[in-house]
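Two complexes come next, and they have one chain in common, chain A, joined by chain B in the first and chain C in the second.
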Partner chain A sequence: MNSLTEEISVDSETDALAAVKSDFQEYLDILDTAPSWWKDIKKSAFEDYCALPDPSRKDETWRFANLKAWRGTNPEFSAMPSISNAQSLIERSDLIKTYSGQIVIADNQTIQAESISPELSAKGVVFTTLKKALSTHGALIKDYFMKQEVDLGSAKAAKLHTAFLENGVILFVPKGVEVEDPFIVYNWATSATVPSLPHTLVIAEDLAKVSLIEAQLSADESTPSYSCGVGHIFAGASSKVQLTVLQNFNEQSVGTQISSNITGKDALVKTLSVNVGCKQYRSETHGKIVGSGAHVEMLSLAVTDNDQEIDQRTLQTHDAPHATSDLLFKNALRDKSKTIFSGLIKVAEHAQQTDAYQTNRNLLLSSDAEANSLPGLEIEANDVKCSHGATTSQIEPEEIFYMLARGIDRDAANELIVNGFFEEVLERIDVEELAENVRQLIRSKFKK
Partner chain B sequence: MATPTPEIEVDRESGNFKYEESHKYDAGYGLTEKTIDYISDVKKEDDWIREFRKRALKVFEDKPMPTNWATKDLENIVFENIRYYLADGQRAKKSWDDVPDDVKETFERLGIPENERKFLAGVEAQFDSEAAYSNMKDSVMKQGVIFMGSTEALMKHPEIFRKWFGKVIPTGDNKFSALNSAAFSGGSFIYVPKGVKVSHPLQAYFRINAENFGQFERTLIIADEGSEVTYMEGCTAPKFDTATLHSAVVELVAMPGAKIEYVTVQNWSSNVFNLVTKRAIAHEDAVVKWVDCNIGSRLTMKYPGVILKGKRARGEVLSIALANDGQHQDTGAKMIHAADETTSNIISKSISVGEGRSTYRGQVHMPKHLKGCKNNTECDALLINTNSRTDTYPAITVRGNDNSVQHEASVSKVSAEQIFYMQQRGMSEGEAMSLSVNGFVNDLTRHFPMEYSVELKRLIELEMEGSVG
Partner chain C sequence: MSNTLEITNLNVSIGDKQILKDFSLTIPKGEVHAIMGPNGTGKSTLAKAIAGHPDYEITSGEVLLDGESILDMEPDERSRAGLFLAFQYPMEIPGVSIANFIRAAKNARLSEDEELNAPAYYKELYEKMDMLQIDRKFTARSVNDGFSGGEKKRCEILQMAMLQPSYAVLDETDSGLDIDALKVVSEGVNTLRGDNLGVLVITHYQRLLDYIVPDVVHVMYDGRIVKSGDKNLALELESKGYDWVKELAPAGA
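For the complex of A and B:
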């Protein structure tokens, strides 16, 4: 440590951290009403955050990614802004009309939390904000909060998320309870000074059935925001869980979403992400099968334009035999946008009779778009059927010609083909109202 | 499980024998500037080659091991315990009669002279660091084809070889290309003049005889406009308890309209680290085809690549890997599209037996200004035993809306129904397995030159012995 250069580099690093350290200290002081175990979780997460390195170009989990937006940017954490337009945000929270419960959060503050029906409450279903759950359901949080590994590259971001986490939702469905209508949570980003930290925790006990929709949205088109979300699903034996994350932050924003599920015996988990927003967005999705006979579906669709970058990292872990997993990620790219798909299927030695699929399809709609695809397999069991396919191509001139010949103009023809391209994913959405909303969203992206 | 017949047993071990070492020149253990001076002095090299080596040594020392993405097994290579140059100081002989008896016997046992008579246009046989035998049919020589060792070619024909030497694969490409650039010796330099179509394959045979040795052959093939050439290489070594290192650099240049086919059957013993960099440049309308079979070695890391530099150039990689107990075949392909309407095709088949591990790593790159580029990649993996392992890590980058790629990979095991079906018809389980595995690679082997496809089939049969159950 004698050389001058080394000293300088150490100093500059402490400087960069100093600001966020004092932010955290202030934040802890405000938190004085929270239980002490909650503060301890945060303190230890913050220590880990400071100790972990920034992602580097050498990390395989960050290959092809533009690291500028993530590296060395310790976001500011100012005081909570007041939400002036709460009423209009609640009104705009209208993706679906029929739901079992709705929570609206803006800049990490609850602006609407309707109580669930007495019947559901009687059955023991819990759907509440994290802030409230700290006092009412402390045991649940202690058992399940951040209890899944972050292993796709954003470990540091996840620690930041935990350290500053204010709010979120918890959905708990007890053994044998089936809830038909979906629950829905809206996370609005309104301010440029407070990072949006959506947190979603779904716990489905054995034989339970539940579906949750999470919308991540910006209040306006111009305020840049930073968001870092975490979504965890614990699916007990024979349970059925669906989680849809619809991300449409404005194109000034930067966001990360870290999602994972742990799926038990004979359980069925289906996750869907719809990504249309953000200037730069990274999603990490880990489907982990720990019980035999489980089935995990991981679906995603993304439409990118301008200079958007959407970075998708996925992992399908088969840690139990006789299970199936099916991943389908479809991206349509316009303008100078860029997507990265990096997926891995990992089959453990004892996970025999695994059936695992991974498909990535990229549709390039402009000559400046860039699609990267890294579909991977790591197989240690021999009696398996695993395959992956990745294709990147453009709309075939023959297809356009066919429609032109039938009097459909070129733009409409392109749109029809893109709509058809996504239909493969859309038709796997069970809530028709939601599927229609997603269709509208894709269309509006093309109208811009 | 049926025991292998005695006849097969002999064949299986055909590469596993060695003769006493009697080297006149030995650069000793470890690689330093002194070692390089020693090699350069022995080879009486020009100063620029010596400088080239020394620069490469620095690059080698500075570069970290690529263990951030590659296997940790690389850390088991102790560079200080390896001998970098061993030779008897003799020039390569034109006739087998002049080759020293034990060396000749080595190659006789491997069937090289016999093959030469039967179907080869020229042969170079390398024994440790230098070629022991090098000969080309008169008819081919008359066509102006040059076929000689690397240092000799650099001194005799600098106007042809220096221009491309180290250009396709720069010294700093990776740690092992730098190592090769520092210590290279042997290998073939081939020039095929304009329009010449070499009717029979040229062959190189690489043999490691000494223990704790590193072989660093360097091959550069230049096929001038409209010419065609097929080059085949084979490799074997006796099995030692210590690690042996083989780190080659192979550069191919296909001028406009030229065709190069490069066939490798790698059957190193299971103590050899085989870390090879192979790349080709294909100019307009040129075709480069890598046929790569990896059966031996402890760890192979090899990703033959083609830079498709000219319009309508085509690159192909056909790869077969067989990983048995204690082996890791980390192979793949790279296709860098750099001109319009270029096409590439990668077909990789791997078989993991016992605790063997096979890995496919690929890269396909299409930048945005290009039009009409196409790539097709297929990787199939077959897992035989419950503890076999396979990985696939492709990386595909496509920019622009006028290019297309498709990639598919599948992993499966030999179906129990197939085996049952064959056993019903009186085959043993081993035979059935062998037939099934051969069927798996069959659509690839039929693209191989005849002699190799037969040889490969037999090797697979042998390797499969004792693997069932």
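For the complex of A and C:
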């Protein structure tokens, strides 16, 4: 990975591209066992990657962004490292104890993939690694892989993701099948040289019900990693889908997450991002409603400290009538950390009777922290209820005094208030074990 | 002196304005004292200053809790030392349930290696809620968030019951209460009365003192106590009005 500075001369740009081109050629050579259609997808993605311009702050989707970490990030695809600590990583993959299936991936290599229960298999449920699915579920990949628009700024990064993608998970739930316990995938970053490319594809057919948790974690606190993940949900008519991405890479790391869903008629989709890690992290979340009566919830919570930067771009697209979307992004910022929230609600002309809400709330815990908020609406229909709200506040001294007067010390008081601030999001997590884990994670940010 | 909350010659300012002027008062454990006085006379300043609010500057004087000075203590230390302030306007803390809030306050009173016994805690909480006629569903609600005036004050008394202070200052606990709520809150305070608790009730109206009958009544005006007496003083004040108090104030004050 080469992180170039903002001022790139033409020569160094050419050099960077030359390096990644030779990396890609080497990479294709080691892919000799992969199906040729897969190689073709990659080749074409790589061509697009080379042709696409780097992001610029002149683009609406990159306003206020710090581009340093992304511009010219070309992965250095060295030989696959051996995962020496696989056993310990599997042991540390313990966020929830009750699940329908668990896959553990480290540096894009599968280190654990338990088979799902025979009952679920018999019903046609598929939960497998992308690597395996290339030979077992090629048709599914051909139909759904990267079939959603990347329209919030990271189109180039998504092409890089596709070109070098090694692994990921596919979760397919056939029509009418409801799975109660969540599935979970762990993506561990262990190496400084291999980019982590998590890929998650959830396909829920009509009337299906499923929930997936994805954890993005670092094996240690000091090894910097680069991650670029993609998560796509296809929610069929009347399906219920939940996807949680819990990102806790160490604070030396840089990451991007490109998430979107296409939600059909009367379907319910709930996405949640929990962001506590990375030196610099960008998340793009697009909820796209294509069927009437659908309901999409987009939730996010982030705690930042030191000089962390989290850049959040969201889009709620209403392309069908009588649907609702509800977005709630809450950030608590400590030290010199920074967040950007930029959200847009887009309602098409025919999407009448839309209810769309977008709320971004930031809690500044330090006078050096900076929260930027850019909410937006683009409405072509004339009979809709849409609202957006953004607030940035600090903890009121009177609130702290009230808690002090009960004997609670200042640190504990701050922590209680922050926990309370996030409770509005946490109480909307249906898996109690997960909610408790997220609470712990928030707490751990205050113990550092 | 031990077993008293002793306030001696307390001078308190907000900015350049002096509010309390050589204020002195001793509340022995086991007694309920009431302070009455017109608005702007310094009653709430007294409450906030004793509790350690940073906006109130104590320029001289002393506050001894069981013989120990609390003036160098942070507000949370004062609370843990046994002082409780029931707020006139309790703060709302969104997302923090009453159960978790009181638990945090209880935890703050334990040493590092002690841990709160959760079942015992909930047993005590429910007992005290029953005593104060608070619905048990209340525990899950966020502290004061969207509460009615009566609910807020009952929540204050619940916290007092759970934290078992040695001295409690009730700042205008009757404000914002209708008569039914006033009765319930007063009953709560009366149940907590006893040999191990000294209470200072601050109020503008006599009506609260029909329900929380004080042992001693003090009349405050312009930053100091101008007259003390038994519970009948409150009635006298009620009939004569606060203009009478002004005549009691020392000349030149």
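By our rule, the second predicted complex is superposed on the first by the 436 of 448 C-alpha atoms of A that agree within 3 Å, B and C clash if a C-alpha of one lies under 4 Å from a C-alpha of the other, contacts with A are read in each partner's own complex, and residues count from 1 in each chain.
Basically, a residue touches a chain if its C-beta (ideal position, glycine included) is under 8 Å from a C-beta of that chain, and two chains touch if they have at least 3 such contacts.
All of these numbers come straight from a predicted model, not from anything done at the bench.
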item	value
Touching partner for A:Glu424 - first (chain B), second (chain C), both, neither	second
First (chain B), second (chain C), both or neither touched by A:Ser82	neither
Chain B versus chain C as contact partner of A:Val384, first or second or both or neither	first
Contacts of A:Asp368 with chain B and chain C, given as first, second, both or neither	first
Partner chain(s) touched by A:Ser22 [first = chain B, second = chain C, both, neither]	neither
A:Pro397 touches, of chain B and chain C: first, second, both or neither?	second
First, second, both or neither for A:Ala412, with chain B first and chain C second	second
Residue contacts with chain A in the superposition, chain B compared against chain C	B
Partner chain in contact with A:Ser135 - chain B first, chain C second, else both or neither	neither
Chain A residues touching chain B - in the complex, by the definition given at the top	58-60, 63-64, 349, 352, 362, 364-395
Residue ranges of chain C touching chain A (in the complex, touch as defined)	51-54, 74-76, 78-80, 84-85, 87, 90-91, 93-96, 100-102, 104-105, 107-109, 142, 159, 163
Chain A to chain C touching residues, read off their complex	396-399, 401-410, 412, 416-417, 419-424
Chain B - residues contacting chain A, complex	68-69, 352, 368, 381, 383-413
